[in-house]
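The letters A, B, C, D, E and F name the chains in turn, as written, and every chain counts its residues from 1.
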Amino acid sequence: MSWLPTLKTATPEEGFELALKMSRMGVKYTQPDDAVRGKLRKVYENNADSLTQASQVVAINFQTVSAANNYWT
Amino acid sequence: MSWLPTLKTATPEEGFELALKMSRMGVKYTQPDDAVRGKLRKVYENNADSLTQASQVVAINFQTVSAANNYWT
Amino acid sequence: MSWLPTLKTATPEEGFELALKMSRMGVKYTQPDDAVRGKLRKVYENNADSLTQASQVVAINFQTVSAANNYWT
Amino acid sequence: MSWLPTLKTATPEEGFELALKMSRMGVKYTQPDDAVRGKLRKVYENNADSLTQASQVVAINFQTVSAANNYWT
Amino acid sequence: MSWLPTLKTATPEEGFELALKMSRMGVKYTQPDDAVRGKLRKVYENNADSLTQASQVVAINFQTVSAANNYWT
Amino acid sequence: MSWLPTLKTATPEEGFELALKMSRMGVKYTQPDDAVRGKLRKVYENNADSLTQASQVVAINFQTVSAANNYWT
């Protein structure tokens, strides 16, 4: 089953969570090793700038999801 | 209750504040621990580049909110 | 009175200045202390990369303002 | 044969993978040497911020691919 | 006279140069002192990452100018 | 003759190469000295984060080129 069968979601909040998933998948495609990603997570989740940067990627992906859902109008 | 029930706001200023909330939620999903985020806040709120970066995430999210509100025309 | 009553401006130049204001408000919401921001300003206004980064946030906000004004056509 | 004959894909997931390919090609055009890129890969795949940054480029390219596919409506 | 009377240009190349001007004005509004900017220029024009970052701001502003000109169709 | 007579290209791949050219011109306008750029190239083509950043600028410019070509539909 596809991890991204559609960009449509029922609500904006679910769309935001999809954007979060897309952001993580962008990382996972580059670093598929779960153990390595787990170790790196300890680093960036305690670094202010890393978290802001992560939030930025989510914001960019959420633009895409929002447009796909016609902003849930 | 959803933290993001809609992207619609009454005014541009409320839209800007929603964009701010979205930016913070992007961080919170990655680092859910309030105590850790509180500690990191002390770091980035006193760093010029961190603040500029935070403002950038707000700007990206505000693009989404503005489009959702048809720019409050 | 709202600091952002509308995204409409009479001219592109005024729109650019609104984008600048939005960029600064993105910082101010995160660091509301005028004295701290004043101190940090001394740092980033003398750093080339910080200034480029600031210009980037203005560019992103100006995209929003320009769309809201239908590019002043 | 072109590495980018079209921006159209059958599904969102394939579109995401195309965005990944575009992101890598953006690197390859600048650094065409496979051996050098292989060596650099060892560096960034073990660096949290590098991976977030890579995910951001994918997110930007995915905006383009998604628009080209009318969000797979 | 306004430094930005319009976003319209006759050609894409002139539009690119306008985007460059907008990027520089984004810096100038934050650091109005010509002598300081001149000194900083020596720094970033010899730094690869600074130049890439500068090119990125131009790219963002060029998106705006291109849309304003309907991509010079 | 203009280096950017049009944003139209025959294919997506040619559009990607135009985006690459635009990214480099964004650098060249800021640092016109070929010898300096050649020297800097040695630096960033061997740095993983620099290459990712370069790919990001191409991605942003490719958004513009793709829109100008109506995504080569």
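In the analysis below, a residue touches a chain if its C-beta (ideal position, glycine included) is under 8 Å from a C-beta of that chain, and two chains touch if they have at least 3 such contacts.
Keep in mind that this is a model prediction, so the values were computed, not measured.
K.L.:
Spell out the chains that contact chain C while also contacting chain E.
P.N.:
Touching chain C as well as chain E, we find no chain at all.
K.L.:
Taking the mean of the C-alpha atoms as each chain's centre, how many Å separate chain A from chain C?
P.N.:
Chain A and chain C have C-alpha centres separated by 27 Å.
K.L.:
Distance-wise, how many Å sit between the C-alpha centres of chain B and chain F, to the nearest whole number?
P.N.:
The answer is 31 Å.
K.L.:
If I count partner chains per residue in chain A, which residues reach a count of at least 2?
P.N.:
44, 47, 49, 53-54, 56, 60, 63, 67
K.L.:
Considering only which chains touch which, label the overall pattern as line, ring, star, complete or other.
P.N.:
ring
K.L.:
Put in order round the ring, from chain D and then through chain F, what are the chains?
P.N.:
D, F, E, C, B, A
K.L.:
Please give the residue numbers of chain B that touch chain C in the complex, ascending.
P.N.:
So the residues of chain B in touch with chain C come to 11-13, 16-17, 20, 44-49, 51-56, 58-60, 62-63, 66-67, 71-73.
K.L.:
Considering the complex alone, what residue numbers of chain D touch chain F?
P.N.:
Residues in contact with chain F: 2-7, 22-27, 29-31, 36-37, 40-41, 43-44, 47, 49-50, 53-54, 56-57, 60-61, 63-64, 67-68.
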